[in-house]
Amino acid sequence: MTQTHTTSQTRLERGKAALAAIDGEAGENVIASLAGIAPDFATYLLEFPFGDIYSRPDLSLRDREIATIAALCAMGTARPQLEVHIAAGLNVGLTRVEITEILMQMSVYAGFPAALNGIAAAKTVFARREDQGI
Amino acid sequence: MTQTHTTSQTRLERGKAALAAIDGEAGENVIASLAGIAPDFATYLLEFPFGDIYSRPDLSLRDREIATIAALCAMGTARPQLEVHIAAGLNVGLTRVEITEILMQMSVYAGFPAALNGIAAAKTVFARREDQGI
Amino acid sequence: MTQTHTTSQTRLERGKAALAAIDGEAGENVIASLAGIAPDFATYLLEFPFGDIYSRPDLSLRDREIATIAALCAMGTARPQLEVHIAAGLNVGLTRVEITEILMQMSVYAGFPAALNGIAAAKTVFARREDQGI
Amino acid sequence: MTQTHTTSQTRLERGKAALAAIDGEAGENVIASLAGIAPDFATYLLEFPFGDIYSRPDLSLRDREIATIAALCAMGTARPQLEVHIAAGLNVGLTRVEITEILMQMSVYAGFPAALNGIAAAKTVFARREDQGI
Amino acid sequence: MTQTHTTSQTRLERGKAALAAIDGEAGENVIASLAGIAPDFATYLLEFPFGDIYSRPDLSLRDREIATIAALCAMGTARPQLEVHIAAGLNVGLTRVEITEILMQMSVYAGFPAALNGIAAAKTVFARREDQGI
Amino acid sequence: MTQTHTTSQTRLERGKAALAAIDGEAGENVIASLAGIAPDFATYLLEFPFGDIYSRPDLSLRDREIATIAALCAMGTARPQLEVHIAAGLNVGLTRVEITEILMQMSVYAGFPAALNGIAAAKTVFARREDQGI
């Protein structure tokens, strides 16, 4: 999976393509949930994180998801987004074992409860994908 | 850089070797600073994070440092350790550009101040290494 | 809505009046939930935050709720209280649009997940009030 | 309740004994939940927090649980673990009144929402034990 | 102070104008500090927080700074940015008394240490401006 | 050291006595620092944390300081207050060894950097008292 963008794409187009590649259906659900209350925020979410940041060429999507999974696990304040990015990690090439290693490592930096809750999130995501036959 | 450990090594020996390879002199300074007040904690630090976690084979040290730099930048509560691990990232194969990408990405998950402060930490580390001719 | 207090009121009386004006029924539920386990804490909650702080004259209740909604959204650790204060914001004169702007802005200071979870809290509160015909 | 360990015990054996004494069944559920996804992390959890830290002689288990309950309440990011340690506090000699005092005090250091959510966790734990006739 | 933007302005132009109006010289120092290490991040900082968010018409800059000061004080992880935004609050119409009220109120939501450290930041900013005769 | 208060004392008087007993000179410096900017907040600080909370009889001051040191170490956002309360812990009967145990234990709940930074704070406080011949 590579990050390519032609300069003729708008940020919004680039962000939509990146969101689809990284987060898949879960990302589209987030965008849809904003429709009735903060549609401009859906646009910003597509444009800045996905159109700007994830589309930058100097770090692979796999490496970017390591960073995101680690940060969300360590912060411990964003369970829904941690689940989305554990699935995203699998989408861009991380294995279940690698994701579990990242979450275990967070015990060193954010404590055992953060790691345990991150591993519980992974368990939920892994089970959901098995149910879906992915 | 690979993580190898023979089972005949103790956790402490393995941790000392891992700390030296990853954190270099900065890690040894941390250990030394604990001597007068909490020497057992220096042992735990060598044994658990370095002897146990960083010595596990299923995630490379480069990937582990992506996770650590991201988490410490996002948490925003551990500037000294963030600087140590930005240097550690360079030690295990991350480039300055990659580290800067990780820190920039944290603006999405922990806000712009966290990213700005992380970039300031990187600037300090990069300058220090230039002074040292590394 | 103005903050007035005569010096003859006790802190507790002033706090009860402020809580009723700001948080309404949701605030009374919080007080009730403490009855069986920590009744003194219910008193402190009425006296200090509401009798002392929210009753001070130099900042309007509307401005105070901007501050509280922003802080709770950014911290990301207090969903029940964020919902109470989103409703409180509506009670003291903030519009739904203004509250949504505050929450969106938190993406800059605490990251997109904090803002998304804050917006989800607002969606819940706005829907609940529609169900109640408010 | 005292912390004793003979040097002939392994860290794992000592950790298992400490976990059983402190967390009881709740601790065993945590270990069991890791079996399918991160069994090594269950070992680390037994060895480092319980085999190393909680088994140290210079602070009583009662004092250690004061520290843990306070920290988890203040952080506000680990509700399941806060519940486990409120029960653990009761197991090692803290009274319900003392635990409630600790949680109330957290309003000073981490704000009223953290204290309120901590008290809600205690209410859940106390009720569960009454249902179990403990 | 009003937020106006004509659609013919680019996000970057709009962001530069907003940054100058809100943060003044302190904002320009932040941008300058990024030049040697992460110039694209300076562009993002101008474009998203300032060009997109602060330029939105449905919340005044004064109200936006209440939200930002409250959030940064409550988070307690971004002292340099808190100082910039206390000064920004004064720039867009908040009084010293109002800013102090916001910071005091944070004792309720994030604890007394967060409020004390926020008030210390305000003291620094207020003194600096007196030295500069502002 | 016991917590006694006669009902004829005001909260402010009780708070002043508690602050003097617990925090000593460091507490008075905090109060003094508020004089020019937020004198009412100094009053609240004396009245609520010290006059209300620390004066409650059902938990000893020694136990209360265990809770406060643990919470501030785990949060990692309030170094000045952590130092004040490490000294306060010594004032109310905790030993250096006990305080170091509490801080080490925080590695389990908030990560090794939080514990390392807490131990560094203790080192500073212990050295300062030796300089003062305490």
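For clarity, chains are labelled A, B, C, D, E and F in written order, and residue numbers in each chain start from 1.
Simple rule for what comes next: contacts are C-beta pairs under 8 Å (C-beta built on N, C-alpha and C of every residue); 3 or more make two chains touch, one makes a residue touch a chain.
What you are looking at is a predicted structure, and each value in this text was computed from that prediction instead of being measured.
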- What chains do chain C and chain E have as common neighbours? A, B, D, F
- Item | Winner on C-beta contact pairs when A-B is weighed against E-F | A-B
- Max Cα-centre separation from chain E goes to chain D
- Query: What chain lies farthest away from chain C once each centre is taken as the mean of the Cα atoms?
  - Reply: B
- Task: Averaging only over C-alpha atoms, locate the centres of chain A and chain E and give their separation in whole Å.
- Result: 29
- Distance from chain C to chain B - Cα centre to Cα centre, in angstrom: 41
- Item | Distance from the mean Cα position of chain D to that of chain C, given in whole angstrom | 32
- Task: Hunt down the residues of chain D that sit against at least two other chains at once, touch-wise.
- Result: 40, 44, 48-49, 53, 56, 72, 74-75, 77-78, 81, 104, 107-114
- Message: Graph shape for the chains shown, where an edge means the two chains touch. Line, ring, star, complete, or other?
- Response: complete
- Residue ranges of chain F touching chain A (in the complex, touch as defined): 74, 107-114
- Item | Residue ranges of chain A in contact with chain E within the complex | 40, 44, 48, 52-53, 56
- Item | In the complex with chain C, residue positions of chain D that touch it | 75-77, 100, 103-104, 107, 111-117, 119-120, 122-123, 126
- Query: If you look only at chain C, which of its residues touch chain D in the complex?
  - Reply: 30, 33-34, 36-38, 40-41, 44-45, 49, 72, 75, 77-78, 80-81
- Residue set of chain C touching chain E in the complex reads 48-49, 53-54, 56, 58-59, 63-64, 66-75, 78, 81, 97-98, 101-102, 104-110
